[in-house]
């Protein structure tokens, strides 16, 4: 079982003709993802990686009966690409693009509240259901099918934690990189709720980091009676206030909100074991299953 | 019985310190309307027509437990006043103001889709539940309590038709002037549905006019099985195409849409008797009751 | 408010839209000078508010100085569907391979703007809309966001615009929307948007109508000269601040409130008469407004009888009655018989005040209209 | 990107916000000339990115030429929390009766902008927010519509701003939002917004931080000089295009991906070491980026040992390994011991390629960090 994507998901790549778009489309297809179309204005009628390209997402979605898109469009044009994805008959839009202006994302966020389409990202590695489909740039070989759900604000940290799990034979139902930006589509609570609903997911690993209050909200959600057990990890314990740690979202504000302590404490109060190291996370998952 | 307003409706007047606002506030109070506050920026703490004035609608609504407002704010500031009314804890906003730019109303219309508050108008005479409350500028003495609902795009035509009814002892539950502008809040279908739900309303008079397709949509609604009988009247049979007849909304487009013929035909097909004169309308209502 | 082509094109050009090189001319000499500067061929186009100018002879192509002179001579001063042509736009003629339509208007039913694109440009778009609506692609616009670039692209590709020019046409549509929005337009259209053999796009015509209710915040547009009144009476009505439409009949109609005035027109027709006009004097009824309204209908030589129908809400019947008396007392002889019907606020007082030496009085709308129709018939008989 | 006060004030003034008369000066002489032109009293304010400039001696009031000279002399060249003051803003001192706070920022939790007003201006607003949040009124803004005028009024009246100046303060808030929006700001604040005895409002300070990700469409802001790097190393990181933060420890850290690098820092701390920096080399790992990253950490005199941790997704382990070899081969003697851990894509190939004469290799993140912490301890011992 899985959440959001599986082998039957029919995927459009927005920005398939760009360098990154083409490279990762090939990677997704190689992994077995059902990539059915690309969408790039002015490139309709061409073919990339064996996939037909359309001028608009709507046209691609209708012609190929697609239900998801992955966005590799450069930051200056990415918000428009997201609006386009959200205004097409798709269930899911996964935004890989890094560096989208925050005000653009606030407008996209407003639009999100009006539509049923799910957005994952931006500035995220994507989503993978091991052995079935990956939408994004995650290295497929790290993942293995199993019964652990994973949701993370980070890319490479996800790979690290997953490899600690996989090394012990703890495979994954689905792993979701929700992205490190201040404004994102799917958040921890959304992902936890989906994993809770998935009968195949028997434990969830949640990798948070400093900045914002998403982890605290997730802790609240868990405390209110989430049935699937959760193991946590929080990056940025040593981050000083006021310094942006790479991700635009990873900053401890001067007034002390968004600290690792606050997040670890909140998760702890919700009964979530929080690992000090990725190994400890794997230990806890192993204990739970 | 009545729709939307009755004697218990607690009313704010937006723009109460202006000439029109003050004059009609006095008229509303004289009629028995429960006017509880005015709202005018910078005039908080004053009193007009014996009613306390607040700087913001939110403050007025909270302090006086209001549930409706009437807007007499001049056109240049009216859209902002409507946004304010829609963003306050009110069930109903009645916009009397004439001459609000259409693009402003398109933005208000967008906002309307996001909130639960009902808007009546703009460019309308308001709404009256005879003997209980009037919100707007309608001449109360023309109306009489009874069991006929009335909804109209026009002001003085409403008074004419109502007087034809009242002269025969056919009183009204509620009369609603929905306004003559191209973009309005409550439309015919909304009003018909409310009258249908009102056990006190035994027949509805609907006064339409040329322009737009609201009457055709109302005919469709009626044809789909509206239980309360409806009598129609359509003004503008003699209007030439392309000429705006006073109301910004009353124009037969060059391509022939919005004609009186189309509306009369649609209503006829829905089984609605359409009077050639206001007297005939009253005749039909009398026949029905 | 309806802008002239040359005014709309100036605004379009300021916004970066591609328009042909052009000069405005109000004499034949200036037109020829303009044509010489621009180079041939030029189009010489009457600047009046008339649809189908081309068919009516209001647009001519000139390949030489002589042709330019002839064209300017034939167009300047001509009568085009009732308008006298006082100005022509002399414009570089575009050598096109394709003609598109792009436009923005308010979708009244949806209560939001709509952007439209069609590859059937250069013809009457309302005909296309009526006969083959599928030939026009439409994008509803959320006015809070404006027209998204992807929507402009979707409309353009959806309409089947050639891929080579699609990007530029989408850019034109986006700019047109921004202009429509910024200038409080009701319509902004380019028909045709020409595509040249070297894949350039050019706005060969330009339409922009502006919301009268928004002119208070578009002072530069409000200040623009227009001749959108069809005749002197409509211009006069504009000066008086009346909503007025002139019609072909002989029963002059004055009333308050658009719906009621329309109904009065309809009743004139219903009782066998012919309405001469729509005249809404609006709320309130000071004596001078009443006098102005009477002046309006008396100034129409077609008018043989007048019906004055007021249903007072805000408007008070006694005030109207006094206004009517005052206005009519100024005449030595009242030009046409006036039938007055007052109802609503202070109607009874009004009826008593009315000087029945000057007017006829009726108690109901129906009776008043019938009487006026009869009066008109008597005069015509 | 953080603008200086004088830059923000220029932008504010262009937008019509009321700012005091002021000149920028980088010499004592220019400062005195400015003070003389403006007239006394003047405030002389250090233009560096430091909070609490006033308390730290970076702002002085001058009532005379002599005082202006003394103030400029004491401030220009001073070290303010690690920054050297190269410029002062000489500004007319405002005689105020009240100090407000107005600001716009992104409400991350709600995913939309928020406008804020408080009558507790002139103090650290974050303290107010923490201690008595009810003293700040907030209006969430729908970014599709922008800040509605009624919202500005509601915030201003809700905060208890005096009715006499409420209209003007609401106008300032609306303009500030428009500016925030148009200039892709992350924060735009006026603290204090001073109210004078004759009920004028004046922006006595100005803060504007701009979204780095949006600078591509704010070329004039991007071109502005800033000194937002705390030291030469951070400036160097900016030139190299690294996300870099300097810390106080002695274990240099290089990695890919913010979350993983933060985790590496945390593990250094967990195993008893002290991280010297955060350095994310990002995706890909061309040899020169690897070399630049090593140059960064070696340039930090505090660094005693280095851990280089890559988990390859897009980044390929063999490429990184070659980059490390190339970079280190350039040294006659490698300055500090480098522990490398490669995982993910082509990690095994990378491990084989790595020249173990130059680096130490570990198989897991935990082992690599432990080893680096030990190396640092050995050097310090």
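In order of appearance the chains are A, B, C and D, and numbering begins at 1 in each one.
Operating definition for what follows: a contact is a pair of C-beta atoms (placed from the backbone, for glycine too) under 8 Å apart; a residue touches a chain by one contact, two chains touch by 3 or more.
All values reported here derive from a predicted model rather than from experimental measurement.
*Asks:* What are the chains that subunit A and subunit D both touch?
*Replies:* The common neighbours are C.
*Asks:* How many hops, at fewest, get you from subunit B to subunit C via touching chains?
*Replies:* Step count on the best path from subunit B to subunit C: 1.
*Asks:* Between subunit A and subunit C, what is the separation of their C-alpha centroids in Å?
*Replies:* 55
*Asks:* If you average the Cα atoms of subunit A and of subunit B to get two centres, how far apart are those centres in Å?
*Replies:* 49
*Asks:* At which residue positions does subunit B touch at least two other chains?
*Replies:* In subunit B, the residues touching two or more other chains are 107, 111.
*Asks:* Identify all positions of subunit C at which a residue touches two or more other chains, and write them in rising order.
*Replies:* Expected reply: 142, 144-145.
*Asks:* Touch graph of the chains shown: is it line, ring, star, complete or other?
*Replies:* Graph shape, chains as nodes and touching pairs as edges: none of the named types, so other.
*Asks:* Once the touch criterion is applied, which pairs of chains come out as touching?
*Replies:* A-C, A-D, B-C, B-D, C-D
*Asks:* Across the complex, what residues on subunit A touch subunit C?
*Replies:* Against subunit C, the touching part of subunit A is residues 41-42, 44-45, 55-59, 77, 80-81, 83-84, 87, 107, 111.
*Asks:* Touching subunit D in the complex: which residues of subunit C?
*Replies:* Interface residues on the subunit C side: 142, 144-145.
*Asks:* Can you check the complex and tell me which residues of subunit D touch subunit B?
*Replies:* 145, 148-151, 153-154, 157-158, 163, 166-167, 170
*Asks:* Mind listing the subunit D positions that touch subunit A in their complex?
*Replies:* 51, 106, 108-109, 111-113, 126-127, 129-130, 142-144, 181, 184, 186, 211-214, 216-217, 243, 245, 247, 255-263, 265-270, 275, 278, 280, 311-314, 343-345, 364-366
*Asks:* So in the complex, which bits of subunit B are touching subunit C?
*Replies:* Those in contact with subunit C are residues 75-76, 99-107, 109-111, 125, 137-139, 141-142, 152-160, 163, 180, 182-183, 207, 209-213, 233, 235-240, 243-250, 253-256, 260, 276-279.
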